[in-house]
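The structure follows.
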Amino acid sequence: MSKVKELPGEAIVAATQAPSVRNTVVAYVQRVRGGEMGALPAVLGLVVLCAVFATARPSFFTAINFANLFTQGAAVTLIAMGLVFVLLIGEIDLSAGFASGVCAAVLAVTLTSAGLPWYVCMLAAIVTGVVIGVVLGTLVAKVGIPSFVVTLAAFLAFQGLVLVLVDEGTNISIRDEMVVAIANRNLPPWLGWALYLVCVAIYAGVQLRRARSRTRRELAADPLWLIGARVGTLALIAGLAVAALNLERSRNPNLVSLTGVPIVVPIILALLVLWTVVLRRTSFGRHLYAVGGNTEAARRAGIPVDRIKIMAFVICSSMAAIGGIVAVSRASSVDPNTGGSSVLLYAVGAAVIGGTSLFGGKGRVLDAVMGGAVVAVIENGMGLMGYGASVKYLVTGSVLLLAAGVDALARKRASAAGLR
Amino acid sequence: MSKVKELPGEAIVAATQAPSVRNTVVAYVQRVRGGEMGALPAVLGLVVLCAVFATARPSFFTAINFANLFTQGAAVTLIAMGLVFVLLIGEIDLSAGFASGVCAAVLAVTLTSAGLPWYVCMLAAIVTGVVIGVVLGTLVAKVGIPSFVVTLAAFLAFQGLVLVLVDEGTNISIRDEMVVAIANRNLPPWLGWALYLVCVAIYAGVQLRRARSRTRRELAADPLWLIGARVGTLALIAGLAVAALNLERSRNPNLVSLTGVPIVVPIILALLVLWTVVLRRTSFGRHLYAVGGNTEAARRAGIPVDRIKIMAFVICSSMAAIGGIVAVSRASSVDPNTGGSSVLLYAVGAAVIGGTSLFGGKGRVLDAVMGGAVVAVIENGMGLMGYGASVKYLVTGSVLLLAAGVDALARKRASAAGLR
Amino acid sequence: GGESGQTTTSTSSAAPSAPAGKIGVILPDSKSSDRWETADRKYLQEAFEAAGVEYDIQNAQNDKTQFQTIADQMITNGATVLMIVNLDSGTGKTVIDKARSQGVATIDYDRLTLGGGAEYYVSFDNTKVGQLQGEGLVKCLTDKNADKPIVAYLNGSPTDNNATLFKNGYDGVLKPKFDAGEYVKGPEQSVPDWDNTQAGTIFEQMLTQEPDIAGVLTANDGLGNAAITVLKKNNLNGKIPVTGQDATVQGLQNILAGDQCMTVYKAIKKEADAAAKLAVALAKGEKPAATSSVKDPETGQDVPAELMEPQAIYADNVKDVVADGYVTKEELCTGDFAEKCTEAGIQ
Amino acid sequence: MTPLLELRGIDKSFGPVKVLHDVGLSAYAGEVTALVGDNGAGKSTLVKCVSGIYPIDAGQMFFDGREVHVHSPRDAGELGIEIVYQDLALCDNLDIVQNMFLGRERKNGLLLDEDTMEELAERTLSGLSVRTVTSIRQQVSSLSGGQRQTVAIAKAVLWNSKVVILDEPTAALGVAQTAQVLELVRRLADTGLAVVLISHNMNDVFAVSDRIAALYLGRMAAQVRTADVTHAQVVELITSGRSGELGLKNGVTA
Amino acid sequence: MTPLLELRGIDKSFGPVKVLHDVGLSAYAGEVTALVGDNGAGKSTLVKCVSGIYPIDAGQMFFDGREVHVHSPRDAGELGIEIVYQDLALCDNLDIVQNMFLGRERKNGLLLDEDTMEELAERTLSGLSVRTVTSIRQQVSSLSGGQRQTVAIAKAVLWNSKVVILDEPTAALGVAQTAQVLELVRRLADTGLAVVLISHNMNDVFAVSDRIAALYLGRMAAQVRTADVTHAQVVELITSGRSGELGLKNGVTA
């Protein structure tokens, strides 16, 4: 054992000293120039889109249109949030759109034919989603059929199922107040502000506690001013949004008042927080990334890969169910097209535009929300432009490309510098 | 340099001795058991499907239905063949369906409004496909937008383009004899047999020449009996097919005679041979596999990755154009739905069922043809069953799953044994 | 409806002596309207059963390729009469030509195949449907004493030829009014695939862009309901008339609630019965005469035809639809609507 | 003394190619067993059979005297067998800490206890002479070859396992790091673990091992005590499968 | 004598992390230049800058006295620079022959000349002591670590290049194969090529190299003739950046 010499183990350069404002800003700029931009390109794309539409149609920047945006984009965004989980593990779910249709039809049938109370019906819809997810996930993970084929088959079968559920094509009207409220009613203004305060307070609390605990353990922690800046930005943007949504937007304010945050907004926010915590702060989330990044490495690390895959499909289909419920609420009806046409493509598109990789291992739920916003703004803006069908398709395609192009060019620098 | 010793370089175990019949068969069985099954699972899936449909509906096994199969599946198969190239490099083309619609519309417009001769119009359609491919490929390879987003945008834009070309929704009838003939007329029986003989002769010739050249260079070559067996099998199956297609299949043979190989069959065969040669016997094909298998390794080997990607999109869109021409021929008309609905999903499904990987690097053009056959048989068989709308969707989905399940279970053994 | 989930190929034991052929029917889709699967299929089935002929009814799911495949398969299966609702004239003509070359007789059901030359044509007049919608909207606007109302269009699917025919119909009524300055033309958009969800977004944006819309011409009840949902959100429902088509339960309920102005009822049973009668006759080798004829604009030839009249439905004649048995009282008069049904005189 | 890990008569084929023939191997607690063999001899395949990545065609595996059946790396982990694979198998999209605790994250209730993991990871890594790692929150895709290898080793020794198998752990390491790892290997054995070390470097093998097992073309040529053989003898065993008395009796070929 | 390949003042950062500082390197025709340095010193990064995989932030590159700009591995290949990367970068879905001729396939008219390629590949490989490769038509995904490395080396030496850079080529190789590769390296230099060899094994470095360049934390610590230094001096240069007279003047840290 002559060769084994004692060499002093050098400690890793751990930046335990609190960084100055200047250093942090410089480092951030360097990171951005180097390509670690996070949500920046998506935000950039959004800003460009909004500017274009606002110039073309001044009504784009009105309180009512701002409120419309949320309800219009909600269903696609919710489905996209679920799809992120399936995309994260490198699979695809083509059936998410029609799965939302099936769940919507279940909601409609239990609500109207069976006449059950709304909460039972929603539960039934979500349970349907879970069952769908278990079946799809099992076929992919255990039987080993490629997810594209499984979900293509499901895509077909679910169309049939929706038809069966809605009696071969009838259009079921939903008149239950609670269900209709989700996408069509608003929170009272005071509740909007209360929720706002609670959210900002919780965010600030979590950030502070985290920093304190890390400082105590002598690990690199964010300095107080940085946390302050973050909380401030959030408070400002969210505050502006709540204020805008609390403006009167009724056409006849004397006749009827229309103010407040649409009910879907807190629902989306709650799910966004829930899934973000699951992905970033639980071992299940960690395992999802691992399976998507390197399935073999995950398996060797003892992760139950099959179970993780099934869970991803379950989450995807349940979110599709929730998306279906919101879609039903918004349309106040269910027909065989619910969840069909472009819903799926828009949802996957939303996730991908936000920065989720189709090859797995990369993506955040926030991405889906950002991408969903891009898709919603495009749809919303195009609706205002009032083009004919053909021009509308052409322009929508080009605008989508534009938004993605901004993103791609921004990221291109990064990979050119050797950072991938 | 004391450490450099001369050690005898051992030669690689090159099986230059001609293997016996028994050895070859044993090795094949071992390979199959070990999981290298090639097209076997797809063939198995096809056999199961045919058996099911033939029991349920005896008319499935009639000459006329056999002939129908080819024309019914032709367009999707052609598009799937092109998609293989894009899937091989790990990209996707969602717009292939509508690209075929755009090219079909160009064909229709040049043919009817401009009144040009059919060959000019077909050329125009194919050139349109090439241009589409160049644009898509450039956006993906040079600008760096994910292909899912680029082709989703194109999917939307092309729908608009088709609408513009066919004047916002009118329906253009095609009456040109040559164009209509492609999918609706047959070769005279003698020509069918002549083509058959030429094909078998060429196949035998190529195989023999290859074996002779390898034997001359003392490389492992296939023994004569194996070549004989292969050529024999091909001759038998193709002979049976030609014979079946040359049977009288008119319902009123006195009124009109209906015999011969449908004209699309030699077209598909020619393209199958062409693309197979390109993929397996040219450096371009080799580079496609390399880019799909490991883009970074390909780049380091000096392969012009961007150019290869663009070429893949060009081939895909051109094949979509050819698929569009066949679809026009079959429908004798073009309308805004041409290339829409499920065309794209069926085409990608065909490629994937055949064994092409969505992650790139794995796939053959023959796979697309086999997968296309599965899709065509399902559609054809379901047409005979006469189910209602909803049941048809449900059953089609399940049958697709069945076909893919056979395949997956067969391959499962392979990966269980550590062969991936 | 709802009994169409089964195999519909069947033989009646009580077949009459004549060696009747087999009838194949291809329906177009199940999503643009529920009529095909819930009404047409049911009525045709009943008629064929009664006549004791073999039949096979399939739906092409709005897919031209499938449409042709089904036609091929029906001929393979031995159909001697083919009754088609074409998805477009091109594929329709290909199918008819192929059928004729095989000695199979054809009937154009509901939609005329231009240049096809089928033996018979049985239909409602789709342009007439649009015309009724236009007239209905004018009536409702007049009832509301609207002054220079802004009228928005929510057209059907841009890829559906029928949507174009409907539009020709209502344009025929409304365009003169726009030209005369009585009405103002508001935003107009087509709804891809007749998708109600997209229709909601499209209409919401129309309303944002043009808040003073006073009337909406929507091409069917589903699109109408989408518009009504948006109007409800803005508490404008009932104040702005909306049109429809198909006399669906949803549409009729919206009419009873006062949210929808009118719908167009097409007595599908009559249409189906007429078509079935012709088909059965053809299958038995007869060639009955038709009551009228339609000129094929492409070939200039007369096609023997049976044409049905669509009917406009307002709140006061909803009861006609129920009386006809197209919609049952149980379906229509649920919950809150029981009272309204009584008001409308529905027994 | 019963071996802690014992393999008997392991056979493994990939399709038509037989890679392992009737291989036996014993690893004792408190000892370092070096597994040597030429390129392609089957060393890594044997390791992957032990961990359940590859199913074996025939043969038995004993752990602490009991026969065990390992069907997946999960099973191996539960037995207390920890492995550093030659093809490291790290998740490129995760950072160093995340990779080190993959599959065995520390939790604080339902949520991950990132701080504890970060502390532990840093402590383990700094004992392995890793420098120039900017941050242990760096993605492993941006690490140098040697840094990746160090992370994989650190990952494996972080746990209280009973058997540690290292497949060419020092191949990409620098002089100082190699020394550190060899010392670690010795230390692990001295605390009572059974360590199996695969290496092509004879100096390293002789420096730390107690026993040497030599694979030749998929067959176990010899298992001897390190003290009983010379450098040259082992090289001969590796390259020709026999050396005097030792080794395979007749010239076997694959 | 002008160096065949010369680098001057190369700087390279990844985002905020500066990996190479003002690095210079010369490689002469007919000589083996060993590039040594600790894990994470920046050796592989330097190689990737030469081949155009990473763009450099500052600095110049001279080839045969002319300044050249390399933007992609294609450019490097056209200059006659051939590289074996540490992370081998083979296409797992291709077989051995296909990988070896990737990007430079032999053709027979338009079609590939598979037979010639197979012959050439077999000849090159058998000179590198590869055994137990069942068939050179095997997919590289099924190769052992050492076999993969041999394929990568064989691929690089198959061409008539002017500069060959090998990044830890013998890391996964067995005793015999290592000897074979070192001999090959010497032979290449003797036929007039400039060879750059990266290795952590001092024995190998001293066995074949003519010059030694030592990187320390991204800075070039020293470039010396192998004959002028001892084993211990080089290890000191690697681990601390200086050794007596030699090395960086003041204690620089990353």
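Quick notes
Per-chain residue numbering starts at 1, and chain names A, B, C, D and E are given in the order in which the chains are listed.
Assume a contact is a pair of C-beta atoms (placed from the backbone, for glycine too) under 8 Å apart; a residue touches a chain by one contact, two chains touch by 3 or more.
Keep in mind that this is a model prediction, so the values were computed, not measured.
Each step here moves to a touching chain, and the least such steps from chain C to chain E number 2. When chain centres are set by their Cα atoms, the one at the greatest distance from chain E is C. The chain with its Cα centre farthest from the Cα centre of chain B is D.
Our note on geometry: chain D versus chain E, Cα centroid distance of 28 Å, whole angstroms. Here the spacing of chain B and chain D, counted between their Cα centres, is 46 Å. A separation of 39 Å divides the Cα centre of chain A from that of chain C. Those residues of chain B in touch with two or more other chains are numbered 7, 13, 163, 168-169, 388-393, 419. Taken residue by residue, chain E touches two or more other chains at 14, 53, 130-131, 133-134, 142, 176, 239, 254, whereas all remaining positions touch fewer.
Under the contact definition stated at the top, the residues of chain C that touch 2 or more other chains are 4-5, 30, 36-37, 158.
Interface residues of chain C, counted against chain A in their complex, comprise 1-2, 4-5, 30-31, 33-38, 158, 187-190, 192-198, 200-202, 204-206, 208-209, 211, 221-222, 225-226, 229, 232-236, 248-250, 253-254, 334-336.
Contact residues of chain B toward chain E in the complex are 1-7, 9-15, 213-214, 217, 219-220, 277, 281-283, 286-287, 289-290, 292-294, 296-304, 361-362, 419-420. Chain A makes touch with chain C in their complex at residues 57, 59, 62, 64-65, 68, 72, 75, 112, 163-164, 167-173, 175, 184, 250-252, 255-256, 258, 327, 330-333, 335-338, 340-343, 379-380, 382-384, 386-390, 392. The part of chain E that touches chain B in the complex is made up of residues 51, 53, 72-74, 77-78, 83, 85, 89-94, 98, 102-105, 107, 110-112, 115, 118-119, 122, 125-131, 133-136, 141-142, 176, 179-180, 182-183, 186, 203-204, 207-208.
On the side of chain E, the complex with chain D involves touching residues 14, 17, 37-41, 44-45, 86-87, 130-134, 142-147, 150, 168, 171-178, 200-202, 217-218, 235, 238-239, 254.
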